[in-house]
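Have a look at the structure below before the remarks.
Should a chain be cited, it is by its letter among A, B, C, D and E, assigned in written order, with residues numbered from 1 in that chain.
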């Protein structure tokens, strides 16, 4: 556990700094009320009304997120495999090629069906 | 085996930990200030300008002055914002940026105030994974910042930013696999140790290249700085931020630059090992505090590349950018992993008939070729765009051009070549 | 770290791998074959894969070695994570057979006038122009075939799993495609999507329980392997409260999958909402796979802990039968009724599962619980898939007509189809000379031999209730006098695909009812679970 | 190493997730609670792995992550479809299927 | 000839007939299905007679066939006949053609082939039930009879039949499932005793604990009591006979319900002798209640078919009483009673059917003075009715007397109560006759015709049988007695009274 204590220390320092900055900015800077300033910035025009819940994102982002998850998981499996590769040798190679090929199948599907196209 | 090799770590007394933590913190803050200044100077040079030169020697204090100025600006919280998340977002963005540095090795074991301790805050068996994990938390800061602002620009900026970061994170993660294959460990200090003879950057060139590209995408830097593309999205996710909260995002971005550079150094350029076999001629180059020099030298080299790219390349279009990440970097990285593993397997295990391996590699190559190029032309299969109904309350958006969004490059501009104007200074 | 190179018994697991490869190939086909040719390629590929796997299963079944004590045949392979033994191979066989049936239903295009029963474009919002366009352009999701193949792969892995981790992975591999398939109906899409949502949320919830159970049992035994768990249970090494809670949670997950009360709530909704081919496939396949897994887990891993889980199963079996039978009585929708009846069947199957006895307690040639449950699953599968296939035929202007009101007098309009349906219902009711009767007989017998007479009595009572609601449908189809008000459904002529499924279902139900001997012998031959 | 604390923590997380599933009405939140349950299990698995000194639990945790990811993919797809249709992610609104 | 599978043929002929008939074209007015079905039923009758001709009284189970059917369950396809089985088989094969002739036009306007096909199927299963010597086989066909019966009731008959059919089926299946539990219990018992087997001969040698035996007995008994029917499980009976066609009712009451009493003799007594004795008081009490209660109910009915159905309740009470009196008179009387009741009640039902067809109603209150318009019908009805009330000289008298002797033997008050039943029978039969046949004819049925030739052809054999067995019951008794003796021996009851004087007729086994 001692390996992680320093991380915590550093994190605390950083957090103190960051929180301090946020708090400080509230006090140090001037505060001159102006209704227009508190509106959302839209290059000077009246801001468009926002639907409740923060609006909707294009579906594309979900697809990206899902793809990311798939590959991230693949990476999770690749890392230990890579670290232990010397012990696994040929067996590891074959298994991982199968694994990667499997992911590739999904990847090819997404690609071909237009999942990677952005407007 | 990890436990044995990491025996140098975790034995520090508490004040050494504190000192090292503080040192890293200070170094990062200073590095940021320096980088901002350096960037402005270099870009200015590239554009035949001088850049900041007023505050302090060579204008070195310019960044500090900017920081102070920012602190004195009004702290605005837009009324559409989700207040607490809005306040929290910069903190979430900044803290991980600092924390990632805790596992970066700056040098070998040194004597610090009478204690033997490595020049590295800590290390762990999964250090690189730790870096990736913590760095990902930073993305939350950006998404939440964009979302909580309650502004369309911010939201889209935040989304784009996160989409971009996670896209390139995949490529980055894949690029690292080859390193682990050769190092046999994920601990940063061990990876550095493994590069005692040969840097991975030299033997794993494709990984290195992919990593460098990905790290630029990952940090939202030019030419991949789409989330903040002023022409489209004003300031991106931090449009609504001001004062020190804005400064925190800014700080995070620059620390991230340093982080990925440091990681690149560690993983590909031998970390704190002296470059160019200097240690062959000068045995002391890799001992004591000297490695700090090599380390920061390499980090600054990467930072310079960042700046250089910014100064010379135009911004990509978003679809080109995503396509590049998903359709080029990732498959290449995957193929490369298989290739590396195969090579490694051959070198480890002489018993395997190489012919089969070659055949296998050939077959794989063919498969990939088939996958990517045979059908590449007939993109007709992409699902027909689904007309989303305009509902009351949806954003009023201008109608799409007939035939859907325009894709591909525009026609090259042609000018009548009657006279040539000599380019003047910018 | 010393590292033992793993070995994989490819010769014994290749049907499993074939299914996986076919699924992956299906995805590739989806990516690279032009749209108009996909349907044909996909169906042929899937059928070829299923047949190949079936052949492989039969071949492997012939070559399994008898283990030392003669009770079990087979081996534990892939580093202890899969058990390829008699029951596994038997279950593989019937899963593949029913999947073939399911595939035929999936591929049926005649009923909807040239398109399949699946949504033209799942992403298009129901009732929008986009949806209409998708359907006029004749789009269809041929992805259902790879999805189905993945589900079959999971179903085959599920009963073969010999450690908790494999079990969990198989559970998910089998569930996830089904969640999606449930939401892809062409007609009544809102209903279908809702079914998918419910199935998914409840399924994920239950797999959460399951997983925590895995963790706790692992905490108790220090291993995921069934044999090691059994060893730990026998020696009582760990904290037994961990074991009991873990066992309970594992049971929750599995009982959810088989649709046992009180975890049956999803069944009617999902059965009703899902496209009927999927319902048929799912009703047969999932239950078979889940019961295989349930038995292996309880018999092999917790065999020594029988006294703590058997009473639990008693209660659950009784509850399941009562809930299934009683609630089925009040249904007015054919698919819901069948769903509740499948809940009741789960109860009957559990009756068989809890009838496990030591080999020494059984006399020579007596029916074992494994044998009984395997046989019951076979009969149940044929009846279910056949019945749902019939349901796909009965249509009105709005597509399938599953409400009772539409079925009034069907027996007079289409005596053949109604007769076949009635036959399936009679089999489910357990009337002699149908397969269902022999199955019921078998499970009741083993339960009674094991001394679970209260369960058997409850089962008998529930059978009586069950007969009532099955017969009610027959009355509805044949004997309701007077003209029905409102629109009535008529039978659409199916293509050979659905027709074949129904015919095979009927034939199997009849043959298994009259001459169950060979299949029973086969099930007996499958022997016990390898330990 | 005493793992009681970890197991208790995982139990608490699991309970929170479980209660969340049962009481919350937004499908996404329900779903997140399920993920919480899975991760609670992961914690328990890893803790037990440490206690027993073998890697089974950790490997299991890996697989659970995969499964969780797959579930996210499938689940989000389903929830989104419903959301797009109904403009609501409340599970109470999904009530076409009844007795 | 002994190797020839006579019994299988006996079962197969009507089964094939059913299949053939079912697939004949069902054009309206077509007589082909009827003719084919009748042909098959006559063929069956012929086979039945052939079996009877070969039957050797006093030789126990005969014409046995045993084939392994489901090895895993120890189930065999085992057939065989003894006196009991033979009589019931003959009754069945005799009644079915009669019913066909009588019901020639019953199904017109409906699915004609289906009616005859289901009836043939019912006959096949019924024959199999009486011939089965394997409990499992018995159970299977026992339940299987319900399907044709259900479709016969639900598909053909009067308004409200579908409910009646459902009620019938629910009762029967309920009883059947209880029986299933008991059958399963038998398996467990036999498995515990060695290797599982369902053969009667094996099961009779199985030692079982008293508790098991009693429970299993209860299971069997409940099922048979539903079937027979016995109070309080009789409520389906009247509804069913009221709604079904008379032909169906004949098949149900005169053939199918005999399975109940048949089962009591063969299985309850045969397999669980101690438990049978243990349960005797209760069963006897129920039988008495059935006798009296059934008779009272019959008196109060306004529907002829209901009335006839309820008389059967009373009669089945007698049969059960005879069985559980545990004496050779009682048992022989019961067996005799089964046959005679079958014939007599069939006649009643069929003639009532003729009447109802003419009148268009079955309500006694709306029928009057038939004997003026249709004297033959009225006369035959009277004969059948008199047989039912046990008039000496008609067949039922003999069986009733035997049962009475057994009842008084058992206990004097049992006899007294049973005698009440006979008195009550006289009331309901005669009163029925008086109300319907005598008195002024109702306006509107001037056009009522007397029985035509077809109708007579159907009923006359029944009448002849009634008279024949009334005067000369010996063939029946000869067939029944050996069975009774073995059974009683098995139960462990020895007669103190001399047996029925039938011994010297043993060789005559011809009819």
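Keep in mind that, in the parts below, contacts are C-beta pairs under 8 Å (C-beta built on N, C-alpha and C of every residue); 3 or more make two chains touch, one makes a residue touch a chain.
Chains and their UniProt names: A = NADH-quinone oxidoreductase subunit A; B = NADH-quinone oxidoreductase subunit H; C = NADH-quinone oxidoreductase subunit N; D = NADH-quinone oxidoreductase subunit K; E = NADH-quinone oxidoreductase subunit M.
What you see is a predicted model; the values in this text were computed from it and never measured.
Common neighbours of subunit B and subunit C under the contact rule above are A. Compared with subunit B, the chain whose C-alpha mean position is the greatest distance off is E. In terms of Cα centroid distance from the overall Cα mean, chain C ranks first.
By the count of C-beta pairs in contact, the leading chain pair is A-B.
In this assembly, the C-alpha centroid of subunit C lies 25 Å from the C-alpha centroid of subunit D. One simple way to say how far apart two chains are is to compare their mean CA positions; for subunit A and subunit B this gives 13 Å. Per-chain CA centroids place subunit A at a distance of 82 Å from subunit E. Between subunit B and subunit E, the centres computed from C-alpha atoms are 93 Å apart.
Taken residue by residue, subunit C touches two or more other chains at 1, 31-32, 123, 125, whereas all remaining positions touch fewer.
Annotation for subunit D: residues touching 2 or more other chains are 66, 77.
On the side of subunit B, the complex with subunit A involves touching residues 6, 9-12, 17-18, 20-22, 24-25, 71-80, 87, 90-91, 94-95, 97-99, 101-103, 121-124, 129, 147, 149-155, 159, 163, 166-167, 169-170, 173-174, 176-178, 180-181, 184-186, 234, 239-240, 243-245, 247-248, 318-319, 322-323, 326-327, 330-331, 334, 337-338, 341-342, 344-345, 348-349, 352, 360, 364, 367, 371, 375, 379, 381-383, 393-396, 404-405, 407.
The touching residues of subunit C, counted against subunit E in their complex, run 362-367, 371, 426, 429-433, 437-438, 440-442, 444-445, 448-449, 456-457, 460, 463-464, 467-468, 471-472, 475, 478-481, 515-517, 520-521, 524.
Those residues of subunit A that touch subunit D in the shared complex are 59, 62, 65-66, 69-70, 72-73, 76-77, 80. Listed in rising order, the residues of subunit D touching subunit A in the complex are 62, 65-66, 69, 72-73, 76-77, 80. Put simply, subunit A touches subunit C in their complex at residues 59, 84, 87-89, 91, 101-102, 105-106, 108-109, 111-113.
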